[in-house]
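Dropping a structure here in structure tokens format, bear with me for questions.
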């Protein structure tokens, strides 16, 4: 029997950092399934086109995460496996916005310019889970566009190493705000454990997101999410990895963007080499022809890229002793119950 | 009747720059179709795993292009449309390699380090056009992997502006060595004309390529290619754009990689805005949720990214007065003849 | 009468993060002077050319700082002023090293490459405070070179905002490991306060350092340092600033390096504008012709640049109501006593 | 007897590229001295605060250079030595400006943003050669500031390799628009020869410039300049180098800025190693403690940094067989005549 833990945090229970907290929201065992509610990145207060984030959001308290969750037995040097069995929008609307000096096509706090900021503007999307659509409403002309619903979590991570605590806005080797559209239901996330209990947390649901999240915000939504949890003892994972039924994926988060690319490709060269028996140069050559490099975000304090390879090119190779397949089965059963 | 011009250059007719040449290889009229042979990036001299590029290639004479082709009537401020009707490997083998201090996971001439270079190594691929496959042969263990054949051109461009001549290794606003896997058959490339006659050229065929071309070389091959040519008078195009049956794509080539991202997304915001009537912020928001950002290369003197949006989200919009559809029909007829 | 607080931490009292600690090492009042001992970045264990850091240093416990110090009355939104009255090497030797995958001319954890690391090597310098020299001993040939002693602190900062805790290796808007040779005796550092008590700390003494700290380590030394402390209530400082008798300086820490440049220049444009009455464009123009841009580090997790302008071009302007002059007088008296 | 060649180009004789021209402005022998007039970067047409560059300058015809000059006997693989004996402003005024989407604190064509451009504004400086001053006039308030006259050339270079021609706006391994304040009278510039005759050119005089040239334009002026020319046969120089009486300097031009830093530091490690007999790691360590990293420009198509070391730390080492000392003597004599 799988234990299913349900966690629906009150606003004051939400967290705004990875690390820095010793009191977990819940304690889980490897093998448990977590049903968790996550609030949107605005804390749920951007509800109409008149709710400008700079006026209604209490900075720096943005991008709340649910957690942290303590995993019994997790020690530094282990790997935490989180299989996202389902991600479902909790409301029939979602919000997006331009934010002053934040985003991909504007000067920012770091790419500092003397120009005036872009206009702050909010878009409210209709969310139709039945139809599998979100509806964009233009603000400058009378136009709506239906886009496929494709729910994902922008933020998932563990407490960082070296005693650090990082804002939930930041993606780095501990995970965090990676904002990859590939982190959707059906995917297992592998995170290296840095502190006892791992202290993982999840947030920042998106009904969908373009590559790069260029506007600075996706179709931001509260989510009801089911996660199957497991622990791989004695195996370390330096940067977050994803596994789907079809592909292996390494992530890198850094600036400039080519370093995010390099980290992710370098990690995948090593992973492919280890799984296939190819030496590093052979794995590098294979990635050069068969690899993918899906862009996650080009707006957060670190940019995130993913390096991916289809499993069909790695016949017979099984990552992390097949934990993805096991968790998928567990998760599916809980979701279907 | 469509005029079909065939050009199979002798080695001494190949070009190594965009611009800097006043004598065209051929003169074409808008509406003509070009059948062109292109040599591989090594000049065809890397034929076995013993042919190390540093020994057999005569630097800087790498990445030869066929051309330049003079288009009658082309003037600065016009746009050249090149529809790739077909791209077919000319041999049953293709080559790839690691090159000293070139590639995505090594120090380079510019990311200068004091470390020893990676080992130089060559891989020869079998090319099976019938089966639609290229076969990778590992060098460190006894392993072959079949990958889908997906022919493309890494290099296409026109003479640059401002009297410049650029090595064919470089991608920039004139096109050049963009190395995007999306530049495959069925795609129309739009290039802003900078000099009388446009002086376009094509080369660097790849049987396939991973995103980023991280090894520094793709599955490099000579190609027989069919291109339908047209001219859009009085319409300028600041950075190369692609159009397929399904998508509109803008490119950007720059360092760091985020600037390539910014250029491409910025151009696509403007293009979408112009085609749809959305204002810039609305187009930006739409791209933030529906845009794609396929990585082209992260190894050349400038890195290249593509920004893409599916046409289905831009109902009714027709780019460049429908030249893509027209050229596709012309090209298909020539290919089928 | 100035209160002088002396703090010589035992090894177990050293800190490895800014933020994340609630228990201060000492509590100070504005106006106090702190005499503090700081250990070197290796924790004092690299004492001969045989002490390779990768073998003798207990990662991640590098770059220890003395502190944190709680300043009574300091609140978020205030500015802490730390005047470095003197910085004196505590030993007659100092150490430097190349570290695997760390430094300016090597691939790193983030600029990830597949090449072998550079050789790890240690250099021990003689320190002659009387003569004002450090002596470099070459390892490959029999050669010594005398360089001027120019003591500085690589690391000074406060607890970060937003509940973050950052490794002492990292420079950011809270200060930290900026590694600027300009942070020498005679300089006042201004730091925006993010938490009650400010919780500042100091470490990473260098007998001298080249611009960029390209090797990854400077002439690393334990220091005896005298700091005069003050608080500017109700005035915020977004990024660390320095003031000497001759110049005003803003810092920026980010990647890529141009963003560190932009942050520092942008901050100095604002500071000059505020002090001089020039509008932003006039201040920008003045910096364009009279500004300096001393490079601090190009090796740490963020790179650091300084933007500087000589006070003589800002006749009559006094920064932070003259706190630099006041603290200099206080500090000098304590040092001379 | 030294031959002195005088060249005062008519406007139509000015050049806008390095390379791409086969007809030299003059032919010189090694050992000759050139007296050359250079126009300012605006072509001399920005003469009052009402002359906005976007209205009066005929883009892309900006940054004209005088030349190219053919040096008899120069062959690829040689090094050209240009000693700047004197640089004198040709007028009693000079101009600067903000340019739309160009500069260090604004979005640009490549760091593409959707924000409105900064206001375009012109500043006219008084130039007083006798007093050694340039006078800044604020535009927003009634304020003037006297700054030291410190004439330099922003642009000097040779024809590039590989058949390229580059806009005079671009700095790269052939030299070009490096915009370093260190390229002042008394300095010898070493440039690797790429084509027969070297085809060097000079332009873009600045009465002075801040580090980084953050505004995008310096105190731009026409200049009368004296250059002593020599040729070092059979010695190649991969990136431009400078030598003054006191220091050796390597340059690097690239994006991101850390790559310009890496190129310059890497070249100086090699140069110091070769001159001193230190191995590469020893030279790297020495630079880490004794090196300087003066920023040149952070606004041009490539950013430029200089790596410098004082000659006093390299006792007895003589670069390029003492050509700097020889040319200095020659140049001084011509200037004094």
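Read from first to last, the chains carry the letters A, B, C and D; within each, the first residue is number 1.
Just so it is clear, contacts are C-beta pairs under 8 Å (C-beta built on N, C-alpha and C of every residue); 3 or more make two chains touch, one makes a residue touch a chain.
Everything quoted here is computed from the prediction, not taken from an experiment.
Participant: Please state whether B-C or B-D has more C-beta contact pairs across its interface.
Facilitator: When the contacts at B-C and B-D are counted, B-D has more.
Participant: Would you indicate which option in B-D, A-B or A-D repeats the interface seen between A-C, with over half of the contact pairs matching by residue number?
Facilitator: Most of the A-C contacts reappear at B-D.
Participant: Distance-wise, how many Å sit between the C-alpha centres of chain C and chain D, to the nearest whole number?
Facilitator: 33
Participant: Could you work out how far the Cα centre of chain B sits from that of chain C, in whole Å?
Facilitator: One centre to the other, that is 48 Å.
Participant: Taking each chain's centre as the mean position of its Cα atoms, how many Å separate chain B from chain D?
Facilitator: One centre to the other, that is 35 Å.
Participant: Could you pull out the residues of chain B that touch at least 2 other chains?
Facilitator: Chain B, residues with two or more chain partners: 105, 111-114, 118, 255-256, 262, 265-266, 269, 281, 284.
Participant: Spell out the residues on chain D that touch chain B in their complex, using ranges where they run on.
Facilitator: Checking each residue of chain D against chain B gives 16-17, 19-20, 60, 109-114, 161-167, 252, 254-256, 259, 262-263, 265-267, 269, 280-281, 284.
Participant: Which positions of chain B touch chain A when the two form their complex?
Facilitator: So the residues of chain B touching chain A come out as 96, 98, 103-105, 118-119, 121, 123, 134, 136, 138-141, 143, 145, 147, 208-219, 255-258, 261-262, 265-266, 269, 276-279, 281-282, 284-295, 298, 303, 305, 313.
Participant: Spell out the residues on chain B that touch chain C in their complex, using ranges where they run on.
Facilitator: Within the complex, chain B touches chain C at residues 105-107, 111-118, 256.
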